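The same chain A turns up in both complexes below, where it pairs with chain B and then with chain C.
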Partner chain A sequence: MMFKESQIMKIHYTTGLAALFVVAVHIIVRLMTPSFSLSLLYENVINNYHNIPYSILLESILILIAIHGFNGLRIILLELRQNKPWEDGITIFTIAATISIIAYGTRTILVANWLG
Partner chain B sequence: MKISNEWVNNRENREGIKGWLNPSRYGWERISYWFQRLTGVFLLVYFIGHVYETSSLLRGENAWNAMLEITQTPGGHIFLILVIGTSTFHSTNGIRLIFTHGGKGLGNPGRPDYPYDAISLNYRQRSGIWVALILAAIAMLYGSAVLFSGK
Partner chain C sequence: MNQIIKKIRMLEKKNNQKDMTKINNTKAETSRQMVVLNVYRANTHRNDLPRVEKFQIPVQRWMTVLDALLFAKSYLDSSIAIRYSCRMASCGSCGMKINGVPKLACYTKISELQGNTITCEPLSNFPHIRDLVTDFSQFFEHHKEMAPFIHNNNADIKDENKLSEFKQTPQDVDNYLQFSYCIKCGLCYSACPTVATDTKFPGPQALSQAYRYYADTRDDLSNRRLNAVDGKHGIWRCHFAGSCSKVCPKGVDPALGIQLLRGHIMGYSRNENKIAKLRDPT
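This part shows the complex of A and B:
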């Protein structure tokens, strides 16, 4: 399915605003622990992944920022140069990169959730 | 008028990245445009690195601690403070851009009179850029306090 650029910009803005909200929650959870360095202890981080709502939050951050970030990169690269092969190549590259980073990050979330 | 495919295929931005990186010919709006892209690329690189860094969890506690040591240095702290500042600027300026693209805060169209000040860059737009820069500075100060307090 092909999107119009105006629709892609709406997706870009929506993912940006939504990412801002979920990243804010992610940072607040980090700062709510007694200290920042304690929040990064291995046991504490693994415990975070055992918390299903928090894992869903992390997955949503991953998806939103991957879409927003790689679409932003696509916009920058299309501003630098315009011709059909370049535009098609950039679109394919950014879609592949988005799917790859989401798959890699999702694997971390799922496996960390199963770790004891 | 029909535009030939050949013309479209040969049409290139001759200035390329030099034109993108040259803020000298334009005002604050151009600098904000430039910062928005630079901070965006920087944050994307950080995001990819952060996803990779976090995956070290799966290789056990030693791998996680080894990865964490990289960020627990003054250089690592300065990098994270830059991440805090750039993400704050990118978010705030991004919200300003959403309003701008929606036509909010642009003012009414007017007759172009000499010296042709850009009507789009009115005080609302200009103050939006300043708010983004000031919030980024405050966030970086707060980040410095948290990271360098050693708690």
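This part shows the complex of A and C:
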């Protein structure tokens, strides 16, 4: 399926704005946690993943930043060289990297969620 | 009508103020007797090594950089290659980097420049041919891609007795008027940082012309133009550095045209008149 560049840029701007919002919520939630210094303890991290709304927030941060970041990288790399193999190569690379990062991060969230 | 007259008067007043400021600022500079003209010399076809040649030029009042170059060509070295034609900033032929900034040589007075040395180099982002002459083929190709003409299927051009007329309101004209002042001198293309890295990028001139015809109510080729600019190396690669608007000798704001066209592609920009008013002198 071929996207127009304007459609890709709409996704880029939307994910950028949405990422700004969800990361802000994430930071606020972290700051409101009383034991901020202990937040990286194993039990606390697992507890966070057991909290379903918070897990959804983390998943959305992962998806939004992966899409926005890798599309940004694609745009930067597009300006380096102008030939079809390079353009197709970086498009395939960035799509594969986005999917891989989202799949690996989602797996981490699900595994942590299932841990007792 | 009254509004237009009022607008013209305001622009005149602003331009007069600008001219007076320029004259006051350059009063000390006009007294120079001689300047050193550094001219970039190289012939790409003969693989010449680039060098800078110095010429002593006697300065006269109101002398432009083009006058200085022509003096050097006439009396000091006839082999200097320069492209020029109208000498009044209408043809856009004599674009070059003057002291590092893309300018029209015929529109740059020596009295406006600081110091006693003037450096003339060929425009950046254009393939070099010889001395101050560059190749505009790629630039004009990008321009042609935007279909820079009014196309209308309803126009009756076959029957001369029944010529069609397309009426436009002054507001319709205001939407694109400033972009129609473009003389295709290539200064914006030379100043654009995106063109410097991405040769497939159409550049500010072509993109602003795409907007100029897109905004023209007489034209019906809008979709073709939007498709032409909506590619991997199209309008989205503009970084909005704004250097194109800064160097334009005709007061065109290509960066504004690019942003307005982007807005149309995104489907939210329908406020050209409001934006145009923001640029009005108050």
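Here, the second predicted complex is superposed on the first by the 115 of 116 C-alpha atoms of A that agree within 3 Å, B and C clash if a C-alpha of one lies under 4 Å from a C-alpha of the other, contacts with A are read in each partner's own complex, and residues count from 1 in each chain.
Everything that follows uses one rule, which is that a contact is a pair of C-beta atoms (placed from the backbone, for glycine too) under 8 Å apart; a residue touches a chain by one contact, two chains touch by 3 or more.
Being a predicted model, the structure only gives us computed values, none of them experimental.
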Chain B versus chain C as contact partner of A:Phe36, first or second or both or neither: first
Which partner reaches more residues of chain A (counting touched residues only), chain B or chain C: B
Touched partner set for A:Ile46, first chain B, second chain C, both or neither: first
Contacts of A:Gln82 with chain B and chain C, given as first, second, both or neither: both
Which superposed partner A:Leu73 touches (first chain B, second chain C, both, neither): first
Which of chain B and chain C A:Glu5 touches, first, second, both or neither: second
Touching both chain B and chain C, residues of chain A: 9, 79-80, 82
Touch list for chain B against partner chain A, complex: 5, 8-13, 16-17, 20, 37, 40-41, 43-44, 47-48, 51-52, 54-55, 57-58, 61, 64-65, 68, 72, 87, 91, 94-95, 98, 101, 146-147, 150-151
Chain C-touching residues of chain A, taken from the complex the two chains share: 4-6, 9-10, 75, 78-80, 82, 87
Interface residues, chain C side, partner chain A - complex: 194, 197-200, 230-234, 236-237, 265-266
Contact set on chain A toward chain B in their complex: 9, 13, 16-17, 20, 23, 31, 35-37, 40, 42, 45-46, 49, 62, 65-66, 69-70, 72-73, 76, 79-85, 101, 104-105, 107-108, 111-112, 115
